[in-house]
Amino acid sequence: MRRMPWPGRALAKSVLLMAAASAVIFLCTAALPGDAADLIAGGRATPEELARLRAEQGLDRSLHVRYLDWLSGVLTGDPGVSLITGRPIGELVAERAGVTLTLTVAALAVSVPLTATLAWAAVRGPRWLRPTANALIVAGAALPQTVVAAALVAWLSAAWGLFPPVSMLPAGEPPWSRPDLLVLPVLTLALPIAAYGAALLRGAIADVVVRPYVGDAELRGLSSATIAFRYVLPMIAAPATRLLAVTLGGLVAGAAVAETLFGLAGLGELLVTAVSTRDVPVVQSVALLAAAVVVAGLLAADAVAPRRPSKAARP
Amino acid sequence: MSRRGLTVRGLTVTDRAGTLIVDRLDLRIVPGEVLALVGPSGAGKTTVLRAVLGALPSGLTHAGGRIEWHGAAVRAPRRWRRRTVGFLGQDPASALHPLLDARAAVREALPRAARTGGAEERALAEVGLDPADIGQRRPHQLSGGQAQRVALARALAGDPELLVLDEPTSALDPAALALALEQVRRRRGDGRSVTLVVSHDMSVVSELADHVVRLGPGKGNDVAPRTPVRGATTRKPGAGAEPVLEVRGVTVAQPPGGLPLLSDVDLAISPGETVAVLGPSGSGKSTLLRVFAGLHPAEHGCATVVGEPLPWVVTERSPAAVRALALVGQNPLGVLNPARTVGAALARPLRTLRGLSRRVAREEALQLLATVGLPQELAYRYPAALSGGQRQRVALARALAGGPAVLLADEITAALDARTAALVFDLIDMLRHDSGLAVLAVTHDPAVAARADRVLRVEGGRLHPDSCSHHDDRRLSLDAL
Amino acid sequence: MKRANGSLLKRAGGTADGSIPARSAEQDGSPPAKRRSPAVFVFGGLSGVVLLVALGGEVMAWHDPAAIVAPPWAGVASGLPFGADALGRDVLARVLAGGRDLTLTSLAAALTASALGVAGGLWVGWSRGRLGRAVAGAADLLLALPLLLLALLAVVALPGPVAVIAGTVLGGTPLTLRVVADATAAARHTGYVEAALSRGEPGGTVLLREVLPAHAGLVCADLGQRLVLAVQLAAALNVLGFGPAPPAPDWAAMLRENLQGLGLNPAATIAPAVALAVLAGSVAALSHSLVARDGLS
Amino acid sequence: APGTASTGTASQPVATDIVRYAAPGSPSNAVTDPHGLLPGESDVVRMALTYDVLTVPGADGATKPRLATEWRPDTTLTRWRITIRGDATFSDGRQVKAADALFSLRRMGKKEAENFGRMAMFDLDASKAIDDTTFELTTRKPYAEVGKALEGATFVVPEGSDDFGKPVPGSGPFRPTNKGGAQAVVYERNDTWWGPKPPAKTIEVRAVPDPQARAQALLSGQVDLAGGVPATLAKQQEGNSAVRLLRRPGATLYPLVMRMDTKPFDDLRVREAVRLALDRQQLLDTVFLGYGEVGNDLITPKDPTSPPNLAQPTRDLAQARKLMADAGLAGGVELTLHTTTAYPGMDSAATLISQQLAEIGMRVKVAVEPADTYFSAVYARKPFYLSYLGGIHFLDVVRVTLTPDSPTNETAWKDRTWSADLDRALAEPDDAKRRGLLGDLQVRLREQGGYAIWALSDRLDLAKAGLSGVPEGIGFASAFIDQVSLDG
């Protein structure tokens, strides 16, 4: 059997992944107890009323019909309307994309360098620092985001008065118009992610730095930066890119806590609310958006993985 | 600023247990001179180099002494190394960045200003590598000798003031060796360059060195070499004996399915026989051994071992066939798992191939260490804490542990001084004599070839019986010192 | 024909005996104690203590952790070093007693997820067949799904602690798998793996005895990572009713309950948060100190 | 975002003609249809600004006219003639007519599953418009409280409107603008509104789900009014003169539901024992930090028909234990009390209740359930749980939970004579007499029923000092913020 060449294979793989992701997301949401009709009625409707409500929302159709219907909608650029608010999903997403994108980009800008620094310190920092850095990373990543947010607010806002404790973005202006309002949400997003990322990367880095060619590079006097960027980075490119992809996808959905705590209306809050109201079309669309980001990143990771043909082919 | 070269005063290095590895060593190399550091395996040569570079491996401590460069202690060793030092380590095959090709590896050592006008190509050509062919290859596509020359070219590329070479010629054939020596010799007497070289090869030492410093034996903890077992080599294999390894019409391509490297190899080795294979670097000697070991599929041909058919894929081999062949690879650092202690590495084949119990295997492992001249406490060390020659002997011991009928030995004495090498070959001779061990030894070393029953030479992609003399008089035995 | 056999080395060793100098004979016997850096001891020991408190703290609490002993959100006072919580219960007593289930669950979750991921990764990285690619694809698929959805589903379908384990497996194993698979694929070409193969060691043995130890650092870092995920999930799922039923104390539940009173008694939130962080940190440090060895980081 | 106050960090000059309100609710469920489910308070507020309603609840709970000026029954109390104002116009310039009002009521009737059957008492098919300003509403049974039935959510939209995906004209005091996006909705004053001219030119409504975040938004000057702030935060702000704490008594209760057709609650003595065993003061002080009042088991204590001056039950463990013993439960009983984290303090209330009930031998296991599905999986399905009531009047509670065949008859209240007496009360045209009858029914429910109402919590709002015009009253009354103003 001949395998397809790389770009074609990658494309096929991503299409397959996205199709599978959309189906699994759909099934997951459908498998959660209760549906939108249930939750709209809040337990107060008679079975007949509920049935009517379901029929109105198209929830009475069989699972695969609903899925195919939604899928064909997405493919033709119309993901449908929210079951709860009746508003077009495209509109809901577009309204919130700005906030989430701004948060995400800013959080990445903070967390990527922080991740690298933390992970490097844990593996290659001064010897005495390494266990401390390791423990810090794990502990930092283990704290729930709500606690991180509370600590940031108590410290940067209440105690030092540097930034507002919540972020009521001015109505009708772009999210970046008041950068001071974004500092705390961005840190709330970025700090745990940086620690989490570092926890993941340090393993890969530790694996690479013990290889003899890194030690040799040190003996030849190459600078830490050269070793990091030329010797270690290419070898961990795949896990790092994969991490970035998952982080990015996670950010879209994981922004929910920061958005809720700081009073921002973004995609994360939309996803979480839609899950809790079983607003399947909305969950689908937002989750699929996040999945697309991850899948693209994972493909990139496959592409940058160092390819080493074997010294000798083995069956 | 005074240019007084490199001075080492009273250098003392100990390991964690406090054992002296290097004891109050004094060295002085003035600009334009080459100093050679010699001594038995495990004597502390590499350790001295690393101490000079200011980067002892973890596990060793700089317990005393001063190292001065042009009369002053080195402040920022790393920057100093980057700017001033060219370094070639003892295990070049493992020391090359796996993702950089040969050109890029050399380029890295060049000062920014010198990175134009094909400087990389020139550097490669000077050590006898064809830049057009080798330039694009990554380390896994290089032979042992090629990798060593790439690393040498890299060390020389920036024309460093201080050149530190650890066994720079261990994997080189005579032609390549001559080129390499020429490169170092150029530095002599230029009034600027300081060169510190470790070698066990007397011809190298006598050609290059202005001074020779000998580190005492057993400074580390190696066993003193034994007197050779007389008469071991006198036993000639019986003419009519059935060959233990028989190979017919084998064609080997590198990479598999690519252009043939060796064609129509016919070979028969009788029990107790030693066959040496010589040939230029990159001619396919190692690849041939890998074919026999089942790590590289042959294109054509068939083989039998101890009367059993020998499929090319190791998983298809019968247990007897697997047990009959043992390979000692060319890169001793690479063939030992960094995460397993020496003892564990040795006990494993004793258990799987010889079926010993855990306890017996552990004791046998200690015995094995002794037979290759290593102290038993090494059993508890990880490979990173061994000297180059110690690693090589551990790899050999591991291969012997399974009790093979044919030993596929790829440069097994390259990292060893002459006396230790002699010890190893005495051991092998004894096994040949006692249990009919056959040896297929790939080597550059005329001393090894001299001990072989037959010598074959790879030339033009074929394996010929050797016509010329084994005794390359350019290489002298270190024993003569 | 004479064959090399079990007697080979006995005889060879025997011959060598005479020439082994006394010095190395002295060094026979017991292995030298493995030397580790003092930091490893300090952190290993500390982690042990923390784990001990997490698991057995209950006996140290002098108040009944469920008893109401003060007004709601009472501040730090004598007898109440960390003040009181929303109901007026002793925060210190609750912190001491509230770690066991969480620790056990997240440890189990982390170990399960890591073990599955490592086993899968070794296999996928080794066998380069269709099935391996399919498993890698499935891992990618899991990575692409929002963890929130998977965790919710796990909570719905499974009882509490099992849900945390399932969530950690679903959310964490794919990353472990891919990372370990990459490392394994690279390790295929190393000399020591080739040496093992040419000795006729079967693939599984090579993976367990050669590849896995060589990447122990990676695996142990990964275990720490899974633990973090498990703790996070346990805390997050607590809001959904996972965790011991009230009034039993639980760090994750305390965080949720006491966060609203941060302005009134900050210690009520800080104490469980620190406990949680220290727990995760110490388990990671412990696992590190276990694999730390000479010549490896 | 929790934490302490930090005023002044984001102080921007506040134009006095704009009032910014952070309301409980989620921006992600901001609905546009006024007649279906209104998931958050912010949704009700937005609708109340955009559309007129027929009647509104007053601060004292009594019904007040709004778009409807008069509602007058015939002698049978089944046909009601509703008169609406003639001077109201939709934003597209059309006059608001009786047909529009009737259309809107019918639309609500069709969406009964989403609005808990608010129009269930009306026969809307039999109702008809009479002229531009009057229409006739027919009730299914004699029903004297039609004014009350039309309270709060009867948003009037133009006849024929059915697509609420696009803005639908309203006749309310404010008009939504399309500024704001997902973050907030900005309303401009409707200068042609028939009512008293709203002082604020612009009102900005933001749905903020997290109560701490709402409070912090006010404290940091990012909004002028924060609805529903947590008691812990209110307590911290008690001495702060820059903000004003608005308390609306009796807004929320978490009734303890005991299902009367399930053991052991099928025995009145057990229900009584539970009511006697509760330490109401401790619950109030702990769960609501004292912001509220103890309950005396009346389900709608703030309803105008609720009888005043009833004796306050106090904790009597001896009597409770005796009742338990009489019921044959001297050895105690195992129970599971369901609760959730959907509303603040609900889980601590359950924990505390379980500890209090332990003293009469009830071994109560507390089960904290997911908030999402609490009202579809626990509500009216489990025999023992904490329910939620937020400022609805008695007849609404009756319709939803005290009608024998209602699917949400959570306590299994099936007292036929009580129901018959209720019908009789509703057919009583005399207000005072009817009030007496209804009060009586509530007392009977209090004694016999399956509810234990242990405390009422205040609704706490934080307002910037100088903000006025915030409506008093609970429930729907609090949604009509059109008269808020910031002076200075």
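Each chain gets a letter, A, B, C and D, in the order it is written, and its residues are counted from 1.
Criterion: a residue touches a chain if its C-beta (ideal position, glycine included) is under 8 Å from a C-beta of that chain, and two chains touch if they have at least 3 such contacts.
Being a predicted model, the structure only gives us computed values, none of them experimental.
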Those chains which touch chain D and also touch chain A: C
Chain at maximum distance from chain A, centres defined as averaged CA atoms: B
A-B or C-D - the one linked by more C-beta pairs in contact: A-B
Separation of mean Cα positions, chain B and chain A [Å, integer]: 50
Centroid distance [mean C-alpha coordinates] between chain C and chain B, Å: 41
Length of the line joining the C-alpha centres of chain A and chain C, rounded to whole Å: 23
Where chain B touches two or more other chains, by residue: 57, 140, 295, 333, 338
Contacts with 2+ other chains: residues of chain A: 33, 150, 154, 210, 275, 306, 308, 310-311, 314
Set of chain C residues in contact with two or more other chains: 189, 194, 197, 215, 256, 259, 262, 295-296
Chains grouped in pairs wherever the two touch, ordered by label: A-B, A-C, A-D, B-C, C-D
Parts of chain B lying in touch with chain C, wherever the complex brings them together: 16-17, 57-59, 140, 218, 221, 223-224, 226-227, 229, 241-242, 244, 271-272, 293-295, 306, 314, 317, 319, 322-323, 325-327, 329, 331, 333-340, 348-349, 352-354, 356, 364, 366-368, 370-371, 373, 375-377, 379-385, 395, 398, 400-405, 427, 430-431, 434-437
Chain C - residues contacting chain D, complex: 66, 68, 71-73, 86-88, 155, 239-241, 245-247, 256-257, 259-264
Residues of chain A defined as touching chain C within the complex: 13, 16-18, 20-21, 24-25, 28-29, 31-33, 123, 127-128, 130-131, 134-144, 146-147, 150-151, 154, 196, 199-200, 202-204, 206-207, 209-210, 238-239, 242-243, 245-246, 249-250, 253, 256, 271-272, 275, 283, 287, 290-291, 294-295, 298, 301, 305-306, 308, 310-311, 314
Chain D to chain A touching residues, read off their complex: 1-6, 8-10, 20, 22, 26-33, 36-37, 39, 112-114, 116-117, 164-165, 179-186, 204, 206-210, 212-214, 216-217, 219-220, 222-223, 371-373, 375-377, 379-381, 400, 407-408
In the complex, chain A residues that touch chain B: 210-213, 215-223, 230-231, 234-235, 306, 308-315
